[in-house]
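Read from first to last, the chains carry the letters A, B, C and D; within each, the first residue is number 1.
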Amino acid sequence: MRFLPDDAQRDFARSLDAMLGAQDTPSAIRAWAAGDQGPGRALWARIADAGVLALAVPERHDGLGPLPVELAVAFTELGRHAVPGPLVETAAAAALLTALDDRPAAAERLPAVAAGKTAVSLCPLSPATPYALDADAADAVLVVEGDTVRLAASAGPVQRSADPARRLARPRGGTVLAQGPGVAAAAARAAELASLLTAAQSLGLGRALLERTVAYVRQRTQFGVPVGSFQAVKHRLADTLVALEFAEPLLHAAALGLADGAPSAGRDVAAAKVTAGEAACRAARTALQLHGAVGYTEELDLSLWIRKARPLRDAWGTPAACRARVLAGDG
Amino acid sequence: MDLDFTAAENAFRAEARAWLDAHVPAVPLPSLETAEGFAAHREWERTLSADRWSVVSWAEEYGGRDASLLEWLIFEEEYYAAGAPGRVSQNGISLLAPTLFEHGSREQCSRVLPPMARGEVIWAQAWSEPEAGSDLAALRSTAERTDGGWLLSGQKTWSSRAAFADRAFGLFRSHPEADRPHRGLTYLMFPLDADGVTVRPVGRLDGKPAFAELFLDRVFVPDEDVIGEPGQGWKVAMSTAGNERGLTLRSPGRFLAAAARLTALWRTGADPSDTALRDRVADAVIGARAHQLFTFAGASRIADGGAIGAESSLNKVFWSELDIALHETALDLLGPYGELADEAGEAPAHGSWAEGHTFSLAGPIYAGTNEIQRDIIAERLLGLPKGRR
Amino acid sequence: MRFLPDDAQRDFARSLDAMLGAQDTPSAIRAWAAGDQGPGRALWARIADAGVLALAVPERHDGLGPLPVELAVAFTELGRHAVPGPLVETAAAAALLTALDDRPAAAERLPAVAAGKTAVSLCPLSPATPYALDADAADAVLVVEGDTVRLAASAGPVQRSADPARRLARPRGGTVLAQGPGVAAAAARAAELASLLTAAQSLGLGRALLERTVAYVRQRTQFGVPVGSFQAVKHRLADTLVALEFAEPLLHAAALGLADGAPSAGRDVAAAKVTAGEAACRAARTALQLHGAVGYTEELDLSLWIRKARPLRDAWGTPAACRARVLAGDG
Amino acid sequence: MDLDFTAAENAFRAEARAWLDAHVPAVPLPSLETAEGFAAHREWERTLSADRWSVVSWAEEYGGRDASLLEWLIFEEEYYAAGAPGRVSQNGISLLAPTLFEHGSREQCSRVLPPMARGEVIWAQAWSEPEAGSDLAALRSTAERTDGGWLLSGQKTWSSRAAFADRAFGLFRSHPEADRPHRGLTYLMFPLDADGVTVRPVGRLDGKPAFAELFLDRVFVPDEDVIGEPGQGWKVAMSTAGNERGLTLRSPGRFLAAAARLTALWRTGADPSDTALRDRVADAVIGARAHQLFTFAGASRIADGGAIGAESSLNKVFWSELDIALHETALDLLGPYGELADEAGEAPAHGSWAEGHTFSLAGPIYAGTNEIQRDIIAERLLGLPKGRR
């Protein structure tokens, strides 16, 4: 056992972090929120160039995957930089198309997904999940209902999320892409991957929130001393770190479980999802409180991160659903 | 010990309720933190004022009804229960007016208060500065003596509602030679459209320009707009911070109404066997009731001639945490619709849960962070050593 | 409205506090735990002399009551001093006997209850409440089952509670004291009073825990400074005070509601019960943590208080039951 | 990155499981914190030791199996899953032995370790003093130089298990002239039945004499029982505090087993639709798994030649809070039986939930309070200023 990212995984994360850090992601996020996907798609292309999307696509469709562990590592960095767009959904759609084993449908789209040319939104339509993320910005929108997968005809009107970079739509109409008993199982596997990668985003988001807040309280002074020298501030940040540090191994174990097709993978993903999601929410609350009024303004780039935490916590598995799943008897 | 209202109080409640029934807009006004909403809320203040409901606790000569603190609480309960609009004059009414009552001249009161009561002049507060948030004694903006008045210079931040307001009030360093940082400050009122004032709106978390930054460059303020003695601004500002204000900054009526809306949401939309959500709804109901009762006890103490000093810190910590928990419960009850921004077409209850949630998140920060409130509780109520923290 | 204890109520509380403070209650508690009820019953007699038990008994049976507000004030002081014995149960039994309107049964016992000569245990027997508190020490044990009240024949074997002063027994056999449609309603009213007075005990207990912990951290030094000068310690104590301060008005309002027979009284009692019970548990955890190892020893008298918090939280209405009651539609 | 065990590790697990299946007492032993239970647990140590299961990670010459850290974790998982008794030798094995391995002489190791492994000598720790709890540098007990050894005087408190143990180890002030309070201390071992030692048992919350106070009056200790250099005791004690110990003070196996018992309790006794309880059970299961995985990651880091320094503070805060939450959930699941003391005849699971709860409450206090752990996390892992707190 060596339950740590290996050198290649670490280097991959570091190079993604460096690449994304050199981009102006806040501007891309703000543009995306305003309906201008240009900068976001440019970022998307760079992420694809780095090989991230290919990790979700099998080799036979010009990909490198599926590699859930490397995807989790990569999506942690995407979360750290709050990259906008249906990245999780595109990776999950790749898993769905792969699992459907409908060669033409997969062959038609997966090479373009791997290359970063196609963004896909995906939505398991139900009362609990009526919206498809960024459907208006996607090149294709897949809708799963029961044993059917549809390719939606249009995105429908967009609803704004509390996270301005999340654009929520109710996809309409379209044609049936696949139907039959295998669809639900394939969709469930895709949803597990989506849940895992959302958890990874939460973890990265939470780490970024913590790091920036630590940096802020070290330099901000009140009452003649750095705010970070107050014990109440220190302890709050310490608790935030504890929450994040114990979410990470759950995430990695869940990724390994998905990679191995372990029977407990569904439970492991649920455990990682709720823990990382709650840890990021805690980090967001900490960031908001310790930045004080400045953290409460949309001008501060960090507010883009703060507002992401809660929607990510609920996307692809609410805390209640995840906790129920952890105790569910089956696999 | 009793919780009984007098016949007069009950009549006051009935009158308020009837008026609100007849006047509260059927469709919620647009968000207070937008230009359109600000105008609509200003108009609403005029409507309130026309029937003397805008400042019930003030003297009649200034537009009020001489209502007691308890009557004010009754009015607030009815006001929020009726789903009436937010109060755009809140900063003036709850921060500036009490200061004027205590330290203002009769001339100042007569000049400033009636237009405030009518919503004709909306006031913004100008306390914080970039380097003086929690640490208000670190203020740097200056008031320089000039012929017949003062010249204000410097920068103020987090000035709530200043994006659309008419005038502002705040503290300025007038006597830089003072021996301690919280001395040598002067409390002044100034127009936001004066020469030398630049107002830069700042969006809050949901993007609404709920604040502004103010840049002041030798803005002239006549002596008549100084409140209290020059150089005594800290004392003037603090003297009204601790008493009724600690009880009334956020009225119990607000949380009672929110808890009632939450309960209705739970009853209509939730799985009643989901005890995890049920417990959180119950806690919100209990918390709102506790806050109401705590306030009644505080009002009784004030009626006895007592004071609410550091106890207002208990209140601040309690309601700010209650408000967040209540709104987070609502968002969880709303499932996928809890994520929607308030202006989203499909946002439940016209987006008021989303706006309420955003607003609640600021609670532990403004009016003295909860960290500072806990220091005050520990030091002044429990007698723990001050220490360097 | 004057929602504050009046002078008489305040004086009553102060004199009870002074009287109990002059007794060696820790010894009485330890003796009670060991099965020696002598010192506890002596304390009981003083409490009755102060008029506390007469508050639960109507005038026609030589009492002064029923006066729920004064009872709540008094039981707050009993909780502050962690007085052992079935005091809540005796007061509730008085309410039950009064409500049954069975003059002989009431006339036989209530004057002795008011005079402090009869201790009564009371148990609404159900799977959730199988034990009668201190049944072995009581002069009478009432058991409510459905529409029947029994006078138990014996206490049965005693089970030790985590609070050593609580002796739990399963009363056995006995004779029927009352039966019929009025019993359940009378028992419900008695249970509401028991719940209110348990909440009062929790509040007093929590206040005592907080006060002693504040005193301890002011004098205890570590790292050259009083422990109470650390911000983490100060904030924890501040939060404990907040919890207690907001429980008190709920308690007083619930007592007023019971006194007035208000339709909302049941909900108010439930709200007070869960809030005071949780506040006392928080105070106990705070006391334990801030006393450190010394708080974890039974030698410290405060441990008698610490161990009371959790059983009181659950007695006569668990937090879950109280929260459900708060939202119940009926009265 | 993987979570795979080698064939040898799996074989080790199978061997441990088989042995435990055959040897773990069917009826739980009496509480470790009673005289009777202590004797029974000492006997159990002998049983473990006879087949070399008492100290698997030690060298074979001292009674171990040269097991790796990972094998130790495997053993612990199997041990607690089998419901095996608590470890009465825990203090010696986890606190004294690592110190001897690093700083003890070969002679000391040979003399002290084998009887420890066999449960023949049970060790108590003697760190704290009345005025030196969290602030260990404030120690006052003295070691005075004498012919061929040292004379120990003073008072030690909270000496876990000293009521029944044979020997103890701790720090004593040997060089009062040292310039800083944590210098001038010496690490010594001494017998609890020596002349001049008075042991006064102290009951913990549930009344069990889990600690003792030690009064020392010129207790002679020969030079051979000094560990490391005289005057260097602080360094000696601290050098082993941060590495593996931070990972292994409470093994993941303990919490995994407790979470499994909790889940079983929930499945058999609880209303599955009670989501409030369900969520807490799920959190315990998730927490135990997270703690296991965090430990695997730490073990991997150590295997890579890395160190676990301040990260052990993360671990301490996490498991101590997990342990309390887990046990409080169990007590709530047990309804009215959750109140029963462990020796009550009707106490569920032979009172082990009650005893576990009592034990868990001490978690945030011992081995460095959680307040201090959070200071360490903030200062050493997050780089926040030290400050006066």
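What to note about this one:
Basically, a residue touches a chain if its C-beta (ideal position, glycine included) is under 8 Å from a C-beta of that chain, and two chains touch if they have at least 3 such contacts.
Fair warning: this is a prediction, and the values are worked out from it, not measured in the lab.
The interface with the greater number of C-beta contacts, when C-D is set against B-C, is B-C.
Using CA-based centroids throughout, the chain positioned farthest away from chain C is A. The mean-CA centres of chain B and chain D are about 53 angstrom from one another, to the nearest whole unit. For the pair chain B and chain C, the distance between mean C-alpha positions equals 40 Å. Residues of chain A in contact with two or more other chains: 225, 229-233, 235, 320.
Listed for chain B are residues 274-276, 278-279, 371, 374, 387-389, each touching two or more other chains.
Against chain C, in their complex, chain B makes its touches with residues 1-6, 9, 70, 263, 266, 275, 278-279, 281-283, 285-287, 289-291, 293-294, 296-297, 299-301, 303-304, 311, 314, 317-318, 371, 373-375, 377-379, 381-389. Chain A contributes residues 1-6, 9, 69, 210, 214, 217-218, 225-226, 228-231, 233-235, 237-239, 241-242, 245-250, 252-253, 256, 268, 271, 274-275, 319-320, 322-324, 326-327 to its touches with chain D in the complex. Partner chain A is touched in their complex by these residues of chain B: 128, 131, 133-135, 138, 157-158, 202-207, 211, 274, 276, 331-332, 335-336, 338-341, 343-347, 354, 357-358, 361-362, 364-366, 369-371, 374, 388-389. Contact residues of chain C toward chain D in the complex are 127-131, 157, 159-164, 166, 168, 221-225, 229-233, 288-289, 292-293, 295-299, 303, 306-307, 310-311, 314, 318, 320.
Here chain D touches chain B in the complex through residues 273-279, 387-389, going by the rule given at the top.
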